[in-house]
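One chain, subunit A, appears in both complexes that follow, with subunit B as partner in the first and subunit C in the second.
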Partner chain A sequence: MLLFIPTLIGLTVIVFTLLHIGGTTKLLAMYLSPRLTGAARAHVIAELDAKFHLNQPVYVQYFYWLIQILEGNWGITNTPLYSGPVTQAIAIFFPNTLILTIFAAIIIWLVSIPLGVHTAVNRDKPSDNAIRVASLTFYAMPWYLIGVVLIIIFAVYFRILPIAGTVNPSLVVGLSWYHNGISYPTHILLIDALLHGDFKVAWNAFLHLIMPSVTLSLGVMAALIRLMRGTMLETMDQDFVNFARAKGVPEKVVINLHAKNNALLPVVTNFGYLVAGLLGGVVVIEDVFSYPGIGMWLTSAMLNNDMGGIMGGTLLFGLILVTTSLFLDILYAKIDPRIRY
Partner chain B sequence: MMENRKHDSSPIVKIENLHLHYYTRRGIYKALNGVNLEIRRGEVLGVAGESGCGKSTLGRAIMGIIPRNAAIVEGKILVDGVDYLKPLREYFKKAKKFKPTKNQDLLKKVNEEMSKIRGQKISMVFQEPMTTLNPLLTVGYQISEVLFYHNPGLLASRRLARARATKEDTKNIVKILKEEGEGERLRQYLKNRNIMGLEDQIISIWRRKELHDLKKEQMILELCCEPISSMARGYLEQIEKTNSLPKFSKLPIVGRIVKRELLKEAFKKSAEFLGLLGIPDPDKVVYMYPHELSGGQRQRIVITTAMINNPNLVILDEPTSALDVTIQAQILELVKELKEKINSTYMFISHDLSVLSEVSDRIAIMYAGQVVEVGPKSAIFNSPKHPYTQMLMEAIPTIEAHELKGIKGEVPDMRNPPKGCMFYPRCPYAMPICKEKRPPLFKVGEDHYVACYLYGGEKK
Partner chain C sequence: MSAQKTAKEDKHRELKLSMEVFFSNKSAVAGLVIFLFYFFDAIILQFFPQVMPFKHPYSLTPNYVNPIPLPPSKKFPFGTTYPGVNLLTAIIKSIRLDFWLSLAVVVPGAFLGVIIGIVATYFGGLVDEVLMRITDIVFSIPYLVLAIAIGYVLGRTLDSMMIALILVWWPLYARYARSVTLEVKEITFIEAARAAGSSKMKIMFRHILPNSLPPVFVQMSLDLGTIMLTISALAFIGFLPAANLPELGYLTSLGYNYVETAPWAMIIPGMFIVLFALAVNLMGDGFRDVIDPRRRSAL
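Take a look at the complex of A and B:
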């Protein structure tokens, strides 16, 4: 469990190294106006050198940088989407991504666990084969393709779901808690709308969440169904499952209590990492659906050579992974009595 | 009930010409090839044989716990006269090509049908105590399950009795116990007061040896005036009367309360039973997880689970093979003790003849999916008839120095077994007829049968 501290240190070292591969000139370029020349330019450079300790050895700079990070100064970002402190950008864009990921995670869990159990119990039957083929198809399809196909079917052809964005702009005109595409206080439109009792906006925000989160979940779902099926088949051959049958416990209880719970153990671990990995998929999906989340901000940061944004985003993803694994460890100890820390 | 069992002379299990084949990718393994065997009420039948000869498959087939690729080709198993595997056999006869998925559907039905008698009339102890218990559930719960699904009436009546009994009652009970012990008068008193559910609770406390009498008295005095919510009470009374569980899904909140009451009671009963088996601190053990117990303890838990409902037949599938010798002896002692206490029938499967000589009344020797010799223990040990049994006896290691003789050759490939006698390729007395025809069981002595043409005169 305490492994997460060295992991964090390793993570920051890598991020810092990346920052330095970019070179100090890049850093300077961000703070230096190109119009400055001569003595004034030299003066500003000297000031920045002192500020970022650029005259010190690299490992000393690392600690200065680390202190800055801990103090909450994650640098600045300058993209067409947003210009300002990185922490501020994260506060604006991350909540959107968070709710998208949570929705996707809920869909994944609710669909893949029962389907995995169903396929294992009805092994080699038509329904098992159909689910396996379908899930493999989705697994093989790239995310953006699924997204585009869904848009064509549901938004263009049937016109039942919105194409892009987080909300229908005409609904939020003149709302006291909504400015410049940012809602207050949580920055999550769905929750803010519910907090303010505006159910029309909330429903609209919910409709906007459906397609991105379904797209996000389909690929991962396939992996999880297969994993659940595999572990379930393995557990159903175990002695304790047969013993439960020998005790005369009804078959339903044998499967749902004895077999399923044991089969879930490895699935829970993988589920956590898959969900953390969804954040990688978010980068693509948010672009497809023009959904203003962390992925869209990161894409635009990369396209605009925005070091602050890239570093901040990388560090954030790393932090999320580390926290997820910490959370998983705790969860695992909760469900498996054999594990004690 | 007990009197009934003694008078009923029909065998509890009768296996007639059972053929069971496993369909695998590498071919059809003919695991059982015409097993004829009966298990008589009240006896301990030992089943011996090399590994891979089908002993465990036979035990599991009686329980109906077979994998989906197991085909019942021919023959039947009658458990108390009922042929549970009939649908599987009929499917195999009808089907042009054996399909595990179809077999699985039928197996599901068989499971459903048999789950009513498993744990209640027949139960089984598995070989490997390390893997037989579910690692995520407390051992108490795993024992309680058997009581909860098969004997809810007992649990309800135990619980209700504690609610009905008054302080006066428990005082009288202690008085009766002191005067006459646990006799007819106690039963009569409990019956008159409608608190029969207290009987086994009282007795289990009274029989404990490690407690002082005063402590026991105090514990019995506490068995009263435990209130239950009036909602749950009605359902408990209904369960007591019908001894079957109501549909809990139809009564969401009350159902939970009732279920919890029953499980709590089952935990209590489990702890009492464990105490009877001499497990220290049973009240704590029931709340432990399997990984907190040693192998011997776990096997005791498994045996408890199999025995707690007083089943008519217990199949012990190599219960001692995975344990070290001292624990093995303790478990054997336990089985013998239970045999005294609970009048039921046992099928004891083991590859270890010395273990079987300890516990069994009759012994069946299996070879390559067939019973080759069956008879009383003394006959099998003193005058083994089948060449395989004879060679098996010579292969038992003893303390005195004597030359150990292995049996030359190997068990035949079960995908392609010999046409005639299975033992023919390894038999020193093989005759031409052995190669052509499988020998039936010949009678060679009192209740002693052998499948070998050396004794082929009088047919069974």
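Take a look at the complex of A and C:
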């Protein structure tokens, strides 16, 4: 748990190093609006120079930069999606990514645990082999290709799900709580629509969420099914499971109560990897579905050589991963009394 | 003399047993066959491009007269993609680049990782702690995001993509090599070597290193597929701005705008990515069986 702080410092050092590899110009690019020209530009540069102490050694500059980051001055982003302060861009895009990952995590949890148990119980039977082949295929598929196949099947061929975006634009025309593609107050369209009692928009927003979240979950699910199958097979060989069988407990109860709960622990321990996988997948999948979240903002920042967006996104993803792993560590210590930090 | 001979025979028998274990796994053999197709494609186009009837073996040949994707036909067995690129030849050219790029990431990544893993276990204590902390820090950023950030700093080219992926990948191997080395270190024959008076250096490089290499090789063969997927994902989101590069991910992104009218332009290059990733996964599982003593004794 104490490792949290060094990891966090290391993360900022990595981002700062990336900012400084090309000299101070990259740092300036993160804070300087490209629209400024002439005297105003020179004035802002002088101001930044004073703020970041750019004439000092690099290790001194790092601390001044860190102070700015801690104060919430993350620089300026300038992409077709959004231009303005990075922190505001995060406030707008992050809720969308959050609801997407939560949906995906729920699907993963609901599908992969029962499937993992099923394959372990029916080991080497046709259903086990079929699920293993399917999950291996999804594992070997690039995320964007899963998304495209789903688009071709459900949006182009059957026409039952929308192709991209968050909502059908004709539904949100003239709504008082929706401006320029941003909904208020939570910035999550589905929740805002429910808050305002507009169920038609909410349903449409929900339909738009299905394909991205299913794609995201399919990419990560395969690894979890494999893990669950392995630990379940191991647990089912153990003495206490055999004992439960021997004393006459029905097989269903043995599997679902004795074996499954004990097999879940290693799976829960690997939840951090799952979060990492989800955050990586978001970058590609949001781009495929034109879903305005952090991932799409990041790719658009990459395509437009926008320093603020790239570094802001990197820092944000790092912070999320580090804090989730901290919370998970605390959680394990609570669940498993053998673990003490 | 005779001792040497039996050692040679032993080695021969070991090799034969390994082959038997591998070839008894049908899906692994299938994976190997597919892998060899990709391998020979890469070798031929890299070193003997004159064998193939291509005017430009290292770039796509667009046809702006007829840029709209055409469905598969006799002239174009896989169809064409925007802008009038023949998919069959484009895929043959792309496999070369993808294959060597994956190899160029896996080999230095594994090399760096193994060296660092062995150094960490050799010195132990503070060095171990610091090195493992560094891998933690690199792991704290999703690798796709870190690759994008590094790509921005170095400029988005093919070389910087390779460097970015190596920088992202070595911690994985460092951790893996460290865990394998720690495992090997506890086996009795290391203790025997120490008792026989071998130096620490000799134990490290003569005994531990050769025994920790096979699991690393298995991991490398599995990772070839993962890296191919990552490369194609990066190319798809537009990491490589230089158009005309024969790369499978870039080919799929060319077809993306026509996904409603010409699904083959995306599905067919995509299938070749999936095929490779699947093949190396199956092959890697086969190799894992080979080094698994339980499987060996079962035969």
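List of remarks:
One rule holds in what follows: the second predicted complex is superposed on the first by the 315 of 341 C-alpha atoms of A that agree within 3 Å, B and C clash if a C-alpha of one lies under 4 Å from a C-alpha of the other, contacts with A are read in each partner's own complex, and residues count from 1 in each chain.
By definition in this document, contacts are C-beta pairs under 8 Å (C-beta built on N, C-alpha and C of every residue); 3 or more make two chains touch, one makes a residue touch a chain.
Just so you know, these numbers come straight off a predicted model, no measurement behind them.
In the superposed pair of complexes, A:Arg245 makes contact with subunit B only, with no contact to subunit C. In the superposed model, A:Ala50 makes contact with neither subunit B nor subunit C. In the superposition on chain A, A:Ala91 makes contact with neither subunit B nor subunit C.
In the superposed pair of complexes, A:Ile106 makes contact with neither subunit B nor subunit C.
For subunit A, the partner touching the most residues, choosing from subunit B and subunit C, is C. When the two structures are aligned on the shared chain, A:Asn261 is found in touch with subunit B, with no touch to subunit C. Listing the residues of subunit C that touch subunit A in their complex gives 133-134, 136-146, 148-154, 156, 225, 229, 232-233, 236-239, 249, 252, 256, 259-260, 263, 266-267, 270, 273-274, 277-278, 281.
Across the complex, subunit B meets subunit A through its residues 60, 63, 65, 67, 100-101, 104, 108, 111-112, 114-120, 123-124, 126, 128, 131-137, 145-146, 149-150, 289, 291, 302, 305-306. On the subunit A side of its complex with subunit C, the touching residues are 3, 6-7, 10-11, 13-15, 18, 21-22, 26, 136-137, 139-145, 148-149, 151-152, 156, 276, 279-280, 283-284, 287, 298-299, 302-303, 305, 307, 310-311, 313-314, 317-318, 321-322, 325. Listing the residues of subunit A that touch subunit B in their complex gives 123-125, 237-240, 242-251, 257-258, 261-262, 335-338.
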